[in-house]
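Two complexes, one shared chain (chain A), two partners (chain B, chain C).
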Partner chain A sequence: MRSTTRSAVRSVAAVVASSVVMGLGVTPASAETLTVVGHRVHQTTMTGDTGGDFAAEWANRHGASVEWLTFDVAGIHDRLYREASLSSTAVNVGFAANLYFTPEFDRMFLPLNDLLAEHPIEAFDELPAGMLDAMTIDGKLYGIPFRHATAALHVNTAILADLGLEVPTTFEEVLEVARAATHQRDDGASVFGLVLDERAPTHITDIARAQSNGDFLTPDFDLRANSPEMIAAVQTVKDLFEEGVLPDNFLNFQTEDAITLMQQGRGVMAISPFGRNRNFNNPAESLFAGDIISIPVPASATLEGFDAAPVRTEFWAMFIPQNSANHELSWDFIRNAMTVENTIRGALNGNGPVRPSAYDDPRMAELIAYAEAEQAVLAVARPPLPGWRNSARVIDIFKEEMDLLLLGMKTAEEAMQSVQDRVTPLLPN
Partner chain B sequence: MFEANRWVAALMVSPVLILLFAIIGIPSVFVIWLSLTETTFGTDPVFVGLDNYRQIFGDRIFWRATLNTFIVVNVVVYAELILALIIAVALNFRFIGKGLVFSILIAPYAVSEVSAVVMWKFAFEPGIGVFNVLLKQAFGIDFNWTRNPMQGLGLISLVSIWIHLPFTLIILYSAIATVPEDLKAAARVEGANEWQVFRHVTLRVIAPAILIALMFRYIFAMRLFSEAWLLTEGGPARMTEVLGIYLYRTAFRYFDFGPAAATGIAMQILSLLVASYYLYRLYKGMRNNV
Partner chain C sequence: MFERYLILGVRSIILALAVIWSAFPIFMVVSSSFKTPIDIFAFPPKFLAFTPTLENYRMLFRAWPQFVEGLWNSLIVTVGATVLTAVVSLAAGYAYSRFKSRWLTLSAFSMIFLRMLPPVVVTIPLFPVVNQFRLNDTHALLILLYAAFFVSLSTWILKTFIDQIPRELEEAAEVEGATLFQRLTRIILPLSVHGMVAACVFVVVFAWNEYMFALIFTSSEAKTAPLVLAEITGTLEGVQWGVLFAAASVQLAPILVFVLIVQKYIVIGLTAGAVKG
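Let's turn to the complex of A and B:
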């Protein structure tokens, strides 16, 4: 009896102990396994067919394996931050977007300066200084930029040809063509002239910049929601929505919807990152594979000094959690991904390369139809918002006011003034 | 002897109690403590007393979410109850293919919520959804739930009813099947018609089952999230937001864990109040029967 009781107590203790350990998420990291948290697109750019799987080559050289944990954008940051906040984590490398980079990063992630000095990244000086600055706190570098996503104008040339329309060369023409291309198909389905991924400030800023180089929020936190440029931009969106040029479910729109509409030919033009060109032209999914070209968003005819509009560019960087094991191995994985050759191979797999020289490689021009256009836009593009703790809250406020405008419950001036008033207290001091 | 047995009994159940405390008790205490702090990733929690509660109670969107939750939960729970009652009564008659009909009726409970929502979203997609086209052609109704918040809440309710109806149906069907035939026969001998038999015999016998179904559905429905999030994300203009979305947004988009925990506690208290009411009714009914 006594022995049974003791055994039961031991069992319960073991169950409780293992539950507590599992609850804390503490999983010992294996020396041979490098765990990476990111988006599916990060994985495919390192492991794709066109440029080859340079992550696997690295793993083979080190006798290691790479385990990818992929999520949607919000899920990546939630998982990464949670892992980095524990006493230890099995996650070795994580991707985070510039918009999510906050001052709290210095307590969760490893400063990379020492590793960089000891084992430098090839041609490090070539990486854009602006991107590196955005990943730096108090002189310490925390993230290595790996991927940029820069907005383009995607045009279904087959539909334009059917309608007898030309590819637009100014932003005014974009709006004209969008209006002219909006129609109802013979099968009764509506075809929308223009598709925007969503109604967030990151995306509406593209319109403001194409029309008048306007900004919603500058890198030094100068809030310009109620500026004439932003009011004109949201009014343009409102007009397009009312006229049926934007999809009628725009108030419930997500990136996946934009991709589907373009693939089905229910969207004629889209303002979306260059990399989306692959989705739009994917023969397995798209009814218009090969017909959709990706060009710079044209600037307004009245905007001097710009051929391509200075649209948004956002970027992803790689970080090493402070509490992870084997920092050297993690750093070597990052170094491998950032070599000049692998930057090009990643670009061939669909990545937006952060090295400008990648665009000069002949393979790029041969295999990536939009390489030259992307290079041209990258020269003028800039991030739509700085990253700080309240950026997600600000995006939601903006979307809420945009909805009220699109539903006709507020004017453009009222909506943007409300954004100005509500966002101001959320800015860093 | 009795005293020794008590200790043995306590020892025997203690593993389960310890496990329950570890799984439910510790996280609950942690959430209560979290609701009294200001904390996000990469920072140490700072005790702020009741500030988080003041913050959420001062947020108009919290109250709108509470109102939306109240509306949707009541619509969903009572519509499910009425539908389940009608179907359960019908299923208690004998007819060919009853097993197949029953299987079809409970099938939605086996479908993942995500799949169910995607299916309904396609069916009601503005402009091209099959039901949207039917509504437009048959009744001239332009059902664009992405623009109209009431239609958005209506669609959320519809999907939720479709997914969860089998839960209430199974409880009520089982309860009706156990109503003694002699009770009904006695009522008929006393001159009661079928409606009176149903109202005064069947309903009275299954009343505890109805209360249990109501209580559980209220508690589950109060946590409504996936249907609303996947359909509308609370939009347009956060006008279809429910408390589950409000909590999710605060915790996993803003990483603001103090107010998120406070919202969770508020939802818990609401659920407890509802459960207490139905438990009281149940207890009272049982005492009256005794």
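Let's turn to the complex of A and C:
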């Protein structure tokens, strides 16, 4: 009986082992492979058709290959942090969004100052100081900004013309036109005068800045949720929602909804990143292709010193994990991506270029109708929130209070005071 | 008579509602995969009155070659995990059915206890270990993980089946000189095949659709189709809904066909042991 049991165990073990072995056979990355963690958008902007594949050109020059590990936004940061916290990682370069940049980065990622001093990035001084500051801890630079998304006002000129309305030039006019353009179509569909991507503080801050250059939270963590500027901004949103100017499902609204509404002509104006212009005017998807223009969000007539409102700009930067190998090669990859020429080529591939001079290139003007407008806004735009450990929780708290306000369960003052009280303990000391 | 028709009518209505409730989302996904992007969100909605197009599928296979690789990886992982689970569960189910001891009982209940833990509790601490053994981004790792999470359920299903197989059959075979392995493969396996299939259905459906383990433990070589689906939701052009629906339909089709083919085994597997006779 013992021998039969042994033979059974051997047989089962053999089958199990062969099942497992069937899945093996993955070749580990070679020493010349540079592994990059990012979004497919990042890959596309470095390897696209219009501007060309400058990542492959770099790889050919170095006899290396670039392996892209692409994930959705949450997946990128999850993977990057986890890899960077191990004793060693095969990830050489990672992308992270500004909101995800926390003080803990100094333990996981390489300070770039020495590499920058030894092998400078071309025309480095041109990179926006605000973005670089946001990537700096105790004087050490950890990330090189690569891609930005800056808010614009997108206007469906065809609908405005039908309704006999003009493109607004001040924020007060934006609200007036939004109210006037809200109507019901002949087919019964509701048309909303204004569309916001969502009710997060990142987006509501756009209203506060357009009206009075207000802020929810400053880069030095001065919380201003209960300031008159923020209260006025959320009251504006509440009024627009009650009047039906904002979509009736605004409490559960996402970027994809905003795109769809604009493409279907059910949104007349939208405050959304400039890059959305492509979606709104895509003939394959939009009923109003060619009719939707993208302009700076106009500042309030009472806001002195601004033509374009100082709206939000959010950006992605490149980082090198401390525990990765071959830092010089990684840095060279970043330098290559950041040359003046490759910044323009990336923009032609669909990137939001962080170099203001890229917008002066004739190729940009020819291909991107809103290039000049975006350049103007980039000069005054700033990140909506600083990144820190609790930023995601704070966004959730803000949304909760906005919901209570929009549902009529709190006033603007009560909701923002509650945000102030709940967020204060979550701020860094 | 009237009462009988009334009951029949009510039953039919409830059944129809249940079918609509279940099938409508699938219908929307599949039908939208054949619509132009403009028609997908048209108002009023175009449920049937649209000109079908294959453009979304063309775009999917042209612009997202990694989706095909993802499907292939999903297939390897699903088959591997299913085979592994089946083999281990058969052996374990046999042991729990035929042998009695305190330790066996303890281990049987330990398996159930481990199954109750949320997968994420086990997953995150595994990451550095897996990395240390260089198992990251391998099919083998996903096969092991998926199998590990379903061995307990499958073992209990198979134990129930094996309990119903008369011991006399095995004893007769043993008298004829059959080894344990021969008894397992020539008597137990054929007679418990319904339970085996029922157990495998759970593994197949789980492994084919699983997202979280694949997200954490794969990068490129073993990246499965659900991860590529998640990526399709965010591109430079925003969400390409048509392509996304086409990908979802392709992802859905094999599993739908598989479940339809083996559905009777699911019922048998789930009701095994419910009535002792």
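Heads up, the rule we're going with is that the second predicted complex is superposed on the first by the 400 of 429 C-alpha atoms of A that agree within 3 Å, B and C clash if a C-alpha of one lies under 4 Å from a C-alpha of the other, contacts with A are read in each partner's own complex, and residues count from 1 in each chain.
Just so we're on the same page, a residue touches a chain if its C-beta (ideal position, glycine included) is under 8 Å from a C-beta of that chain, and two chains touch if they have at least 3 such contacts.
Quantities reported herein were computed from a predicted structural model and do not represent experimental measurements.
Shared-chain residue A:406: touches chain B; no touch with chain C.
In the superposition on chain A, A:278 makes contact with chain C only, while chain B stays out of contact range. When the two complexes are overlaid on their common chain A, residue A:252 makes contact with chain B while staying clear of chain C. Touch criterion met: A:78 reaches chain B and chain C at once. Between chain B and chain C, C contacts the larger number of chain A residues. In the superposition on chain A, A:189 contacts both chain B and chain C. Applying the stated contact rule after C-alpha superposition, one finds that A:108 touches chain B and leaves chain C untouched. In the superposition on chain A, A:429 makes contact with neither chain B nor chain C. Residues 5, 8, 11-12, 15-16, 19-20, 78, 82, 188-189 of chain A contact both chain B in one complex and chain C in the other. Residues 5, 8, 11-12, 15-16, 19-20, 74, 78, 81-82, 84-85, 102, 104-108, 188-190, 248-252, 389-390, 392-393, 396, 399-401, 403-404, 406-407, 409 of chain A are the ones that touch chain B when the two sit in their complex. Taken together, the chain C residues at the contact with chain A in this complex read 36-38, 41-44, 76-77, 80, 83-84, 87-88, 91, 127-128, 131, 134, 137-144, 179-181, 184, 215-216, 219-222, 227, 230-231, 233-239. Interface residues of chain B, counted against chain A in their complex, comprise 11, 14-15, 18-19, 22-23, 40-43, 125-128, 144, 146-147, 231-233, 235-238, 249, 252-255.
The part of chain A that touches chain C in the complex is made up of residues 1, 4-5, 7-8, 11-12, 15-16, 19-28, 35, 39-41, 44-45, 67-73, 75, 78-79, 82, 86-87, 187-189, 255-256, 259-260, 263-264, 266, 275-276, 278-279, 282, 284-287, 350.
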